[in-house]
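Naming follows writing order (A, B, C, D and E), and every chain is counted from residue 1.
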Amino acid sequence: MTLSHLATEDVFVVERNDADFRAGQGMTKGLGIVFRKFRKALFGKPNSDRADTEGQFNVQYPEERLAMPEAYRNMPILLYDDATGHELCTSCFQCERICPPQVIHITQAKDPATGKPVPAAAKFVLEYDTCMSCGYCAEVCPFDAIKMDHDFELSTANHPELDVDYNRLLRPVSYYETIAPTMWSDVKEQAMKKLQNNIKRRPGDIGRDHGQKIKGGAPVAAAATPAAGAAPAAGAAKPRGPVAAIGKNMSEDKTAKLLAIRAANAAKRGGGAADAAPVAQAAPVAEAVAAAPAAASAAPTGPVAAIGQNMSEDKRAKLEAIRAAKRAERGE
Amino acid sequence: MLKTEELQINIGPQHPSTHGVFRMLVTVDGETLVDLKPVFGYLHRNHEQLGEVNTYLQNMPFTDRLDYFNSMVNNHAYARTIETLAGVEVPERAQYIRVIMDELSRILNHATAMGFMLGDMGAWQTALLWGMREREKILDMFEYVSGARMMCNYCRFGGVVRDIDDWFITELKKLMQGLPHYFDDFEGLLLNSEILLARARNIGVLPKDLALAYSVTGPVLRGSGVAYDIRKAEPYAVYDRFKFKVPVGTVGDVYDRFLVRIAEMRESYKILEQALEQLPDATGGFINPKVKQQSLKAPAGEAYARVESPKGELGFYVVSDGTGSAYRYKVRAPSFINLSALADMCKGYTIADVVVILGSIDIVMGEVDR
Amino acid sequence: MADALTQLGFASWLSVLIASIIKVTLILVGGSVGMMFLTWYERRSISYMQDRRGPNRVGPQGLLQPISEAIKTMTKEDATPRDADKIVHFLAPVVMLGATVLSFAVIPWGRMFPVDLNAAVLFVIATGGLHSIGMMMAGWGSNNKFALLGGMRGVAQLISYEIPQVMAIIPVVLMTGSMSLQKIVEAQNDFAGLGWYVFSPVGLLGFALFFTASLAEGERTPFDIPEADSEIIAGYMTEYSGMKFAVFYLSNYMSNLAVCFVTATLYLGGGNGPGVDALGGIAGGLLSLVYFLLKSFALFFVMVLIRATVPRLRVDQLMSFAWKFLLPLVLVNILSASFWVALLRWDQQWPQLTEWFGAPSTADATNWGRLAIAIVLTLLINAGAVALIMRLTNRNVQKHLYTTDEELALGLS
Amino acid sequence: MALLARGELRSILQTELPNVLDSRWDTQATDQAEAHGEGQTVLLDFDAVVKAEAIVEVAHFVRDKFGYDLLSNITAVDYLNHGIIELVYQFYNAAEAGPDLRVRVRIGRSPEECIVPSLTPTWPGADLQEREAYDMYGVVFPGHPNLARIYMWDEFKGFPMRKDFPKTGDKYTHVTGE
Amino acid sequence: MNPIAIGVFIVIALLTLGSGIMVVTVRNIIHSALWLIASFIGVAALYLLMEAEFLAVVQILVYAGAVSILVLFAIMLTRQVTGEGVRVVFERWWVALLIALGLFGVIVPTLWKHGATWEEAAKLAQVGPTPVDGAANSLQVATATEIGRSFMGEYLLPFEVVSVLLLMALIGAVVIAYEERTRRRRVLTLAEELALKKRGIVEPRDAEGAVVPREAEGKVILLDSEQA
């Protein structure tokens, strides 16, 4: 067939090696390669370098976790302001409209006195079981009230539990800041400004009652304000809301650690957390060691996490100590 | 005269090597295959009707679920169709990003598809797991830019949803340092292995003269010796700016398809290199800001746009009635149409060959049953 | 052992009985533990070949994984298909396991021989052949088409590969002059425990052929056609679950272990090695056991390496490999083994030859001159045969088309 | 062998095979999208619309004369407002590449009219696509070797992609079509 | 013989006989084949009991491992495999009975004649195996060495005759099978079909013009070797 649309140099015929004499040399070569892999994996150390093709690439999941990119989207969550307890959602129905599988159901709040609609949601139900995690709701939300969570350990034996209501959807803004610092800092100002405008139009406790409920009536303002750096915040903040919501099956401690790790990783990867990332990479190890006890007591800080994102907590600390000792020996 | 008994066997829908819930009603005479009837529909969800109900944007994440190995390519094809329909301009940088994602998808698809085929042949997962390793590396990068590993939902009308940053480009360069080693290992492992030659050569021959009549596309068509690649035949995005070759086979057997896929991975690597070199800076933007994504309306009419998906020609045929959702939305799924050659390709070979031939067509049931 | 018991005052029949029971228990325990270790060993090493880590959760380095899996399979539901032939279906794994355990009766552990049967070599092969009955019963009794296909394939494969396997042993038997495994091990004790048959041209070819045929007998890749999971699901084991499946699994791995043991015994000198004789006594016995296990597991590692690398053959290719490749080479090997024996020991076996041609300078088997002649001669014969068969097979493979017109004409005319 | 521009086939067919064009649609003028309100479908007419019974002849014609040998796509569209079902055949010229050639067949929606000869004997690749069109739209293809439902189960009644198929309710009992 | 040996002998003998009876009485033909295997293994055990190890192993290898499988294969290939095998009682059963009785009549006198030797052998067995190296005991009838010597010495002619007979049977089987193979139905692959078409041999079509399934049954089609 003439292929006039293709120049001859654009086509090549794959080599079938028809004429070779075969006495098992192809098989032997394959065996050799497999044996080399075996040797490298057996004596090599765990490897996560994208440029490498040899070594063990497994991540020992429950103990080690891959760093979660900021953009990662799993299930939608709703945000509320730590300082005032006001939810960011104004029930504008944008997300309900765009949702491809139609799993978002919002009821708008009404002023009990006048009966007029208020820019807040009275009910907000999301069917997690049918959600396809496309992220459109977060994309279209003009108030940055709905965001995509990073928690993926949602398996449950109780199916109806996956129709998640407002109380279990709410997370403080500081939590979102820990999982996606750059993405939040991009929109933070305008979101907060819009929220202030909306708060003015909300009579009484409307728009903050859900948030109060999950905190058991504790004064909302007392919640720790998010620190500027993402990584320290993770250790310090430990907001109760997300812990309760995420860690259905996890101990609090673990969840906090998890949050801290995520934050640290996010800080490391995202260039935006300007104050955390450089420290993480450039901090002299001596400092890191000095910080290590603190890290052990509260939660890991940036530098520690930066050493080995795939390693478990204990291991990481140990490794850190060993390295420090070696340096000390060398007299650095 | 010895007359042997014919035996009817159901291969699938639950079978280790039918790549999903595909079923083949196989009639064998001894071990030789006399007849094969493919049976579909176990994963049917009427995707096309969903496309008629959804708005244009809403349908984008549904295209992820067609060929769930290459959601980036599906997004690209769908976005291109709607862009053609609504007359939307796409910034150059977005075009390059789309090309990079397409070629990464091609590498990961071929790596795993060939791994699965060799697995069907009985090579115990080694090639597959090496391919999976490369795939994981690529998926991590997809996750970084799009937020999800497989259901990327990355393209928007007139661009992509998020720009790629320095981290991505550094990691891509790192990945590309490793890829040639992977190709070499993969070829060395089995390409000349005597047993693979015995199993793959002259099996499932689809002669050049018949390949076009069977409407097969992609590596199956090229393996049969027809140099037809949409990236060359009807260049889309910025494919006309890259230098790459179209690998073709000669016989049209399983081995040729295998070789063509390996060669294609190397060509994709070349395209990636050039794309990284030519990638324009971010000034042009990565998405057309004028497009109203959520309320996009297309003038009444129809559009068909296709891309060279790793599995073949992936096209979307969309008829618009002027509203915000499609009047008719049809997917030209490559694995579905490539399957039409399966029955005839398998006849006369043995049961052991059938699974290998099926593996060499490289199907994904999400796309076949839609 | 029985003698020691008799001296302790037991009646002779009782001491025989007790000694037998102890031996049987040891064999069963050794075999099962060996099988468990083997599964762990295979999974770990194949994991490293595939850049992953394999089972490493249960126990240190995952060593207890097989135990947890044994518990898992034991607690699973034991399902029998409604239309199956219940008795045959039930008995099939029993026959399989019985045949495997029987072979362990004669397999030596280092220099410890449970039973020194005169026809031990043949006995191992014969018990391996009994597997085919189990397979047939499983395949037929399950009343499942995949199982039937798997059973048929398995039996055809076992019967075909039994022939090259038995004939590959003949050179060893010729060189030793006995079929007893103990004598075969003793015969390989020259050169400070390194006079293994594998170091002679005859033994090398025999080793390769026997090991290849044994791969097929043990249903290992590339000959795992009876249980080709991608084609016929699990072959004859398709309808088995729970404990019965575990028994099949146990029998498979035990027979693989047996194959490794036998190969190590026949060609790699069994428990022989430097220092065994020097130590002597119990220490020497233990050292020989270590040597033996090392050799066997090295062989098993080769099996795993092959499994991780190559695809499986097709049924017809499997058959032609047995009949067109292995069998001619095995016959040639028997020929060169006869030359070997004649050259090295003609005055012992054929005194008339000495009368006709005059006696060799010394009648010692380690006569270097005659050894050199024997090595060169057999090497020439074997290498020539291998090259020839390779060339023929090569042409055959290259022309192995479904579609050549010659074949078409042949098939249709 | 030459590439055809959009709409060129129509004039060629008028001269070379005058009987194959569907006389109902022989106006050269294209429907203007603006002439219709939102939600109104448009029948595009600049491709050749051929009679149902002539599709095999035309397909062979474009293949042999112009080299359009790759039958890539067969789409059925239900234009409920116009009362027709349209089949769009997309051919590609594999040797010379370039854009597709669309040949259209427009048939009525009733079971008696909804019949198009099958292309499967010449293009085996049309096999599954024709089965899909039959399953989803009820287009019958005489000459197809195995015209059976492909996605829906054999006992299913009705054609679910037709526009008048009920989108809500129990679809398995409320049968329309046929 | 010691009491254990006698006890074991009785048990094995009963098992062997019992399975033999089951072979002829059980209704399912596959079951009867399986019982036959049990009987073979019982015989092997008897050999083993008499210290005839080589014979026992060969009995398992050849009869239990190969011949019985051949029988099973024959049954499965010629009958409906999955269905219940129905036993047909042969009408001329008395012929079989006569043959069996005749065989019995040959075997028993032979045993009787060599009875003394057997007793001695049994005594020998009681003492335990003697070393077989070099000098073969004339009573140790069952060692491989002894069997080999008899084949190559005393019974060379019958051995060769039997060999030639078996070889002829083998060749005959191959010839018949080869002829069957060439005539067996062959399903054409796509490439073969194309090759035929290029040679001008079009597919056979039936009256309505539909293509007859691609099976060439005993057709003579000659092709020259350059094509495809």
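In the analysis below, contacts are C-beta pairs under 8 Å (C-beta built on N, C-alpha and C of every residue); 3 or more make two chains touch, one makes a residue touch a chain.
Remember, predicted model here, so these are calculated numbers, not experimental data.
> Can you give me the shortest step count from chain C to chain E, moving only between touching chains?
Counted as steps through touching chains, the separation is 1.
> Hey, which pair has more contacts between C-betas, A-C or A-B?
If we tally the contacting C-beta pairs, A-B comes out ahead.
> By C-alpha centroid distance to the whole-protein centroid, which chain wins?
Centroid comparison flags B as closest.
> Would you kindly tell me how far, in whole Å, the mean C-alpha position of chain D lies from that of chain B?
Their C-alpha centroids are separated by 26 Å.
> How many angstrom between the C-alpha centroids of chain C and chain B?
45
> For chain C and chain D, let me know how many angstrom lie between their CA-based centres, rounded off.
That gives a centre separation of 64 Å.
> Go ahead and note the Å separation of the Cα centroids belonging to chain A and chain D.
From the centre of chain A to the centre of chain D is 49 Å.
> Show the residues in chain C shared as contacts by 2 or more other chains, in ascending order.
49-52, 308-310, 397, 402-403, in rising order.
> Chain B: which residues touch two or more other chains?
126, 130, 133, 189-190, 193-197, 201, 205, 210, 226, 228, 232-233, 344, 348-349
> Would you pick out the residues of chain A that each touch at least 2 other chains?
As it turns out, chain A has residues touching two or more other chains at 1, 3, 5-6, 22, 27, 30, 34, 37, 54, 57.
> Tell me, which parts of chain D touch chain A in their complex?
Residues of chain D touching chain A: 94-98.
> In the complex of these two chains, what residues of chain C are touching chain A?
45, 47-53, 305-306, 308-310, 390-391, 394, 397-398
> Under the touch definition given earlier, write down the residues of chain A that touch chain C in their complex.
Residues 18, 21-23, 27, 30-31, 34-35, 37-38, 41-42, 54-58, 60 of chain A touch chain C in their complex.
> Note which residues of chain E are touching chain B in the complex, please.
77, 80-81, 180, 183-192, 194, 213-215, 218
> Considering the complex alone, what residue numbers of chain C touch chain B?
Per the touch definition, chain C meets chain B at residues 46, 49-52, 145-146, 149, 221-222, 224-225, 228-233, 307-317, 397, 400-403.
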